[in-house]
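There are two complexes below, and they share chain A, which is joined by chain B in the first and by chain C in the second.
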Partner chain A sequence: MNLNTVKDLKRPKSADEIRQWRDGYAWLAGGTWLFSEQQVHVDTLIDLHTLKWPALTAGKDGLEIAATCRIAELYDFKPPKEWRSGPVIGECCRSFLSSFKIWNEATVGGNLCMSLPASPMVSLVVALEGILTLWPRDGAPREVLATNFVTGNHQNVLAPGELLRSIRLPAEALSKNFAFRRSSLTHLGRSAVLLIGTRAPAGDVILTVTAATAHPVQLRFKGSPSEAELRDAIDSAVPDSLWFDDVHGSPAHRRHLTYHFGEEIRKELEA
Partner chain B sequence: MSQARRDSELIGAAVPRPDALGKVTGAAKYPADLVRADMVQLKAVFANRAHARILSVETSAALAHPGVLAVFTAADVPYNRFGLIDDDQPLLCDDKVRFVGDRVALVAAETVEAAEAAAKLVHVEYEDLPIVSEVRAAMASDAPLVHADRENNVLGHIRIRKGDVEAAFASADVVIEEEFSTSWQEHAYLQPDAGIAYYEGEKLVVETAGQWLHEDRRQIAKMLQLAEDDVVIRYAKIGGAFGGREDLIVQPLLALATWKLKRPSALVWNREESIVGHQKRHPYFIRSKWAANKDGKIVAAQTELLADGGAYASTSIEVLKGATVGASGTYEIENVASDGYVVYTNNVPCGAFRGFGLPQAQFAAESMVTRLAVSLGMDPIEFRKRNMYREGSLTATQTPLPQGVSALSVLERCSAEMEARFRTNGTVSPVFKRGVGMASGIKNVGYSFGFPDQATATVELYGEKEIDRVVLRIGAAECGQGAHLVMRQVCAATLDLPLERIELIAEDSHESPNAGSASASRMTFMGGRAVKDAATAALAKFPGSDAKATVQFRSAETTPLEPETGKGFPHFNYGYVSQAVEVEVDTATGLVRVLRIISVHDVGRAINKQQVEGQIEGCLAQAVGYALTENFQCRDGRILTPHFSNYLLPTTLDMPTDVYPVIMELADPNGPFGARGVAEMALVPFAAAVANAIHAATGAWVTQVPFTPERVLAAIAKTRSVEAVTA
Partner chain C sequence: MKLKVNGKEFSASPPPGECLRMFLRDLGWFSVKKGCDAGDCGACTVWVDNKPVHSCLYPAFRADGREVTTLEGLASEGKLHPMQQAFLDAQAFQCGYCTAGMIMTGAALSDEQKKDLPHALKGNLCRCTGYGSIRDAFDGKTNVEIDDAGKSSGASVHNPFAEAIVTGHAHYTTDVPLPEGTLHLKVLRSPHAHAKIVSIDRTKAMAVPGVVAVYTWEDVPRRPYTTAIHEDNRVDPDDTYLLDNVARFVGQRIVAVVAETEGAAEEGCRKVEVEYEILQPVFDPEEAMVPGAPVLHERGIDSHILHPERNIFLELHGEVGNIAEGFAEADAIYEGDYDAPRQQHVHLETMQSLAWRSDDGRLHVRTSSQGPFIVKGRLCYLFGIMPADLHVFTERVGGGFGGKQDMMSEDLSLFATMKTGRPVKWEFTREEQFIGATTRHPMKIHVKLGAKIDGTLTAIQYRIVSNTGAYGNHGGETLANGMSGPWAIYKCPNKKGDGYAVYTNLQCGGGFRGYGTTQPTFAMESALDELADLLKIDPIEMRRKNVVGAADKMEAIWEESSDLTMGSYGLDQCLDAIEKALASGRGLRKPEGDDWLEGSGMAISMLDCVPPTEQRSGSEVSLLEDGSYHFTVGSVEIGNGLVTAQQQVVAQIMNCPTSRVSFINSDTDKTPYDSGTFASVGMMVPTKAVENAARALHEKIVSYAAKSTKTKPEDCRIEDTFVVHGRRRTPLTELRAAAEKEGENLAAFRKAYGSPRTVAFMAYGVRLAVHRITGEIQVLFSAEAVDTGTVMNPNQLRGQCIGGVVQGIGYALQEKMVYNDSGGVINAQLRNYRIPAFADAPVTEIFFADTYDSIGPLGAKSIAENTINPVAPAIGNALKAATGVRFTALPFTEDRIFAKLQEIEKSPAPV
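Presenting the complex of A and B:
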């Protein structure tokens, strides 16, 4: 839709050109959210495409994903075979309610910064132990663990004007075994729950719960938990108030699905 | 070319849609495409509260905003009431607001930006009133009144009595009771509400999308106190309607602004405004008690139906009549007692929607029929056959069905198709279970309950010895269903001419006669018959300088229902449908997927076979949404699902690839070339067919539409607990 309140479009070659941040500014990546409805408080768009960040950089240390990397670009990425969790990337890309336009324009960073419970890029980077690089407007870059980035429904740690530059997925996390479960009321629709489990060669298990909760919850186990241990860990980590409640599922249903898929993942990783 | 040959080429053929290319390439002009920047841009100010008294409307700040031309309020509307049946809805609210989508003011400005900014500056002072949001509470004698001039909130009560249900229950072998509920459904037409208005000479023209040119004109003329002839309604391309455009939506707002300012005006609603601002399918609460004997005969059906009509009457009372008459399904039952109520609340108003009350009523009826069959240990199809309407059957209203009762033939064909196509039924894994269910349905074609149904068409023939050109005039809305091509096909076949020679004028209330609404599955039957008769009459005058005929086709008369018994002749024509579906139920998550659908319809004669199949398949997509994903929610009058991100329409990926529309052609004696209607029928039994399939897969009966995973899981858990107790 037309954003009638926008008066200016900036196309910086470097993020440093935007030193002073003020109300009314908005970073523009894929525009999925910005152009979906009126943004009456926005008068200036700052286009990130002109920064020309390389979308994906794969190396022995892992995968660096630019915030401006499009979902379609990420989906096309072919991870090396030794990255046994590589297929999680495709699974998360397919966990979108996305039209052709969204698929080809929406960005990884945009989805992360929206910080919705069902944002599948949040699921991806949290499960694969990502580290986010943030560029404040008035200070040095800082790194944040993906588990700490999203703090609630539509809430995150970004300060006003702070820019998400990139996400690094460590090779160690990418090399783990994984199991993926998701439930949605419609095919390719918004997730009601999205769970990803990973298992290190030494046997340690990480279970990441997203979509079911207002922010991601990550459970870490030394070795493989028993069914009871897993359920206890879920109950301890997710208070009643954290289960998300919307038309895609009630808190009780989401808890039920989390138990169910968590147990399936536990068994699959044990096998 | 012989008449028979022309018929075979034109009638029943899959003649390509002439409007298809423009629609898929974007060349077609929908209402929003008509907007020009130099038009006055409008913005409606919504109430955004469910029930409140208006203390004051302050417009000075909005009027002072640069670019604002006017801010209209209730005082600007000469007759500030409208409605298809009851004039109970204000165009702009004066004393109070009754639902969140009520409009309080209309801002007119030089630009969209100015209109939107000024709309925020309209200050309305409200005194909140108690919200009536639940049907049973709304019926209480001490409930706050939604309309202060009424004695209570009950908008209508329909009562049907045939035989003696209590005596039948007392002697029956099996008696089953159950409660059902259904939710609202949003029409979700692709093209949100939009339009323009302008003056053409002395005539006020409103160009939008709708379903009935001449009724739109009547209501707008009445509101502005103009002669009907001074108002012209034109339809641009219409991006779907499904009953949702039967009521006026943005049309009178456009007319008001242009009438007051004498300038062209434009209004385009976004999706949220459209969802909040127009009426929905009624939610129903249904209590059923049915009985049968061991010989497989249904002996009694007792039903109470409570419908949430929302804040305004719309067509609620007619929908209720249809639902109450249809509550005993497609079956001849000796003892019937039905009470239907529709109630005002402060929820979104409800009105016409594909199926017109029957998807709700027959969800309950068809669920009960399958339950009785299961209780008696009978095959549900065989059980239906023993009770199904036949030629001469008496309905619940104690009158015979109109001639051409094909319900049994349709059921038998469905049974045969199931044998041929559905081979799996049972457990796929311990968690995923499959089942097949079926249901039958009946839906009237055309207007009912004494409201006269008539359609008028004019055919003009031009040429010396041969007909060179034909002008066909019929005011029939093309909502995407293909009515215009059907009218031309009927005309061409009647005149034995190539289709290209038929010029159609159908989208202008001044240039084409009144064919009635594109609703009630009636346009092919009624409009097509008027075209056929007009073409025949014109042909009789050809050659000649006045080879022209205007014919009004009138259906057989129907009657109102007697208040105490419901006795009467409600409908002059019916369509019959039987469906079978195969579902897969994830018993761990409650998720249900429809895998295959068979939908068998007696359409009388398929004028355009491809379009009939398209109607069935499109209707099934809407039915899948209704049964499974479209969970429209209101709380305290507020709409919780005003976006497509939370009101979940099925996409192509949610539709099964195996969809078999089966067309039977058992010619109707009155329809053009034998045609009946087909537009709504696929929605009528579908939810019940899915519910019955879920039962076949899991043993659980689901009673609340839509069948969300949580409801399915709860039903499965209830079944398991009953089994545990029984064991």
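Presenting the complex of A and C:
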């Protein structure tokens, strides 16, 4: 929709051109969320397209994803066979409620910065043990673990004006086996739960719970847990108030599905 | 910036916050629609450098240096793109409002994507078709049939707007260049469910650059009225003011701002300062009826509210036979409570209107209404306008489903035009549709049924509490309707019903496909299965035993005589068809795994083809100079295919192809009066008027031909472009020229009334799988059998049915409006109020009963509303069959049903 309160547009060549941050500024990535609601507090858009960051760089160490990489570009990426968790990328792209047309514009960074429980890029980068590079407006770049980035529904660790620059998915995480489960109240709808388990052959199991909880919850087990251990771990990691409550699922159902799909994942990775 | 749109160069400098959708529309590319303005519906899909995007989310400035393609630019050198051709061949649209986006998406799909349409079409919503004909288009099916002279009744002739729809040239309500100096209207809506307005300060709003005027309750005529559109305005309470000094629901319009731009009007609304005195709200209708509850409407205005002090707009009671004796005779009794909630229409085109004053001083309103004539009358009353000075009309309307049977935008647009002298446009946002428009009335229904051991019903008792919300528009009529049909379909000597339409501080209910019968049908059809279960009788047999037969009286709880007549009877065929279809085993297989349970269910419904209130229409059919025909009719084309059917009726009677029948509809200046297009009247009243006029013209032409050729009228007949008498053939053009010379007018005008009224029947069957643990439901097979008399246009009718079924599936399985504790809707976006997408819509088979109605035009009768009614109860019955659990509250979403499923044994339940 038209953002009628926006009066100004900046198209920097480098992020350094934006040193002074003030209320009313907003980084514009794909714009697919910004333009989907009134943004009455925004008066200036700062275009990230003009920064021209290379979208994807794959190397021996893993995959470097620019925040401005479009979902469509990520979806088209063909991970090498050794990256056994590579298909998680496609699965997560397909987990958007939005259509492929929106993937043509929406960015990985935009989705991470939205930090919604149903943000599939959050599920992806947390499950694959990503590391995020953030560029504060003043001061040196910093790195945060993906698990620590999202702090609540539509909340994250970004300071005002701080830019998400990129995400690194380590090759080690990409090489693990994975199991993926997602569910929504309507067919191909918005995620009510999105669970990803990973495990290096005979290694430790990591279970990442997203969409069901207000922020991602990652459970790490020595080897493979038993059914009871898994359930206990879920119960102690997720207090009642953390199960997310919105029109896309009730807290009780989300917990129930987390047990159910968590158990399926446990079994799948045990094999 | 410079860009190319459809091959043409443009240079422009869009404001930084402008989206491409608005930018393109401002350039005159009106195929770029708004269904949501938020990325959810896809109606705005265009290509940027050949990639499809939702133009409502695409910053216009980013189109710099790019090539944009809209539907208008898709055909090349006069040749339709294959996707346009496919949509044309399949007639893959009804209102056509979604079509531009569908085609622009479809035409961009790779072969790989076409294999997975549920995914590929995730971002394209259609509310009319249920995706049946859209699936056909992708499958390359041709649904249109050749239209031969005299053979159009019963043929799937194409929609007269088809070409315009697939090329983007069909013009909906605001798809016109805005008149010079058009102002934009926006309203400030109440944040409180119940509050008195203490003061309104407009100073800051008036200071916003571009704001022209700010209107409050003090500026508008204080004339009570109802927004509901009915011929007889006394059936609705006069409980509404144009702008009021009391807010009765969150979302009620409080202040109107008109400005040079939409942005300025929005800013003006944000700057108005309103001081409220908060009053206690009441949200639950049972609580609202208890003495001492907050009172919504004071007595005082002559508003025909029955018990204002208890918030009861209307109560209805009735009994036939003796209910106590009926239960005493019963061998089995079932009693249950059912909860049928709200549903929003989500017609893809939001409500909108454009008002202006022409140089001659007359006022004009171009609107998306389902009843322009009633709107005109209401506006004349509100503003004291002489009828001759006001013109109200529609062009194409992008869906209605009853949502546009309320006057919700025209009043303020016209008021502002009268005040400012300038054209004024008001377009609802999608959010406003959810918070400020109407919904299906939420109803709580208590049912008690008694039957003999052999299944014969002995007693039917029900109590319905309908939540009409803050205003009573349609509250009484929907209640009366809901207390009739769903119960009258069964013979039973003893029936008793009590009903209440109750005010609460929530948004108001309105007309919605089914019009008050969908909710009680859910209750009755579920309850009947429960009773059959108690008696161990097959549910279809149970119905066969008790339904009205062709010769039976249809009676709910009132013994009065009625003009309701069995013009035809096809319920027996519907029951047989669904029984056979369910037994066939067709459809998808249950998913693998013993956690999946499977079950089938069915339900039936009866529709009065015209409401009991007044309904009238008229039509003129004339023979034109070129030998073709033209008809006028006041009904609205809202995607119901009405004008196609009307064209077919004329063509059939005149023995010509529909291509020789032109028309104009729904215009208070140019067409005869019509009570409005709702309540499934389209076929029965306006089309009947068209039939009457066509028959009269036919007679006139034949007798004129007989007279001028000195033959007997019975020896003359019309054959396409000629009148044939004996061995001679006179071209119609010649006849018409001769008639004109003699001062004979070859035109006929006739009226039609909605009386007597006939009934239509419907049965729906479904087989589904439900996951014992997660609660996920998959519809495996879906079939509807309809008794609609003559099938005038099979393809269109199939579309109406599938559309109704899928809307019913939405109601049963996913649509839910959620309110916070203060009475505000929290999911006022299509992203959060999920109507069925392609992925949610099962393939649905449609069977037509073979009947001919003695009342309707050429033997046809109504259908559109009834299609939704049996869907939710059939799904509930199938769920029960699969799981043994009866769910009584809609919708059956996973998170609402899973808890009760956990006790079920793994072993597959009997189907």
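In this text, the second predicted complex is superposed on the first by the 268 of 271 C-alpha atoms of A that agree within 3 Å, B and C clash if a C-alpha of one lies under 4 Å from a C-alpha of the other, contacts with A are read in each partner's own complex, and residues count from 1 in each chain.
Just so we're on the same page, a contact is a pair of C-beta atoms (placed from the backbone, for glycine too) under 8 Å apart; a residue touches a chain by one contact, two chains touch by 3 or more.
Remember, it's a predicted structure, so these values are computed and weren't measured experimentally.
Q: Taking the superposition on A as described, I'd like to know which of chain B and chain C A:Leu3 touches: first, second, both or neither.
A: second
Q: Which chain makes contact with more of the residues of chain A, chain B or else chain C?
A: On the superposition, C touches more of the residues of chain A.
Q: For A:Arg94 in the superposed arrangement: first (chain B), second (chain C), both or neither?
A: Second partner only, chain C.
Q: Per the contact definition in the header, classify A:Arg190: touching chain B only (first), chain C only (second), both, or neither.
A: both
Q: Using the touch definition from the top, say if A:Phe35 reaches chain B (first), chain C (second), both or neither.
A: In the superposition, A:Phe35 touches chain C alone.
Q: Please indicate which partner A:Glu105 is in contact with in the superposed arrangement: first for chain B, second for chain C, both, or neither.
A: In the superposition, A:Glu105 contacts chain C only.
Q: Which of the two partners, first being chain B and second being chain C, lies in contact with A:Ser250: first, second, both, or neither?
A: So A:Ser250 meets both chain B and chain C here.
Q: Where on chain A do chain B and chain C both make contact?
A: Residues 1, 4-5, 37-38, 97, 183, 185-190, 192, 246-250, 252-253, 256-257, 260, which sit in both footprints.
Q: In the complex, go through chain C and note every residue touching chain A.
A: 15-19, 21-22, 37-40, 42, 45, 51-54, 56-59, 61-62, 105, 113, 118-124, 261-263, 266-267, 270, 429, 773-776, 813-814, 816, 818, 826-827, 831-834, 836-837, 839-840, 893-896, 898-899
Q: Touching chain B in the complex: which residues of chain A?
A: Listed in rising order, the residues of chain A that touch chain B are 1, 4-5, 37-38, 97, 183, 185-190, 192, 246-250, 252-253, 256-257, 260.
Q: Considering the complex alone, what residue numbers of chain B touch chain A?
A: Contact set of chain B toward chain A: 112-113, 116, 270, 272, 588-591, 628-629, 631, 633, 640-641, 645-648, 650-651, 653-654, 708-710, 713.
Q: Could you please specify the touching residues of chain A with respect to chain C in the complex?
A: For chain A paired with chain C, touching residues are 1-9, 28, 30-32, 35-38, 40, 44-45, 49, 94, 97-102, 104-105, 183, 185-190, 192, 246-250, 252-254, 256-257, 260.
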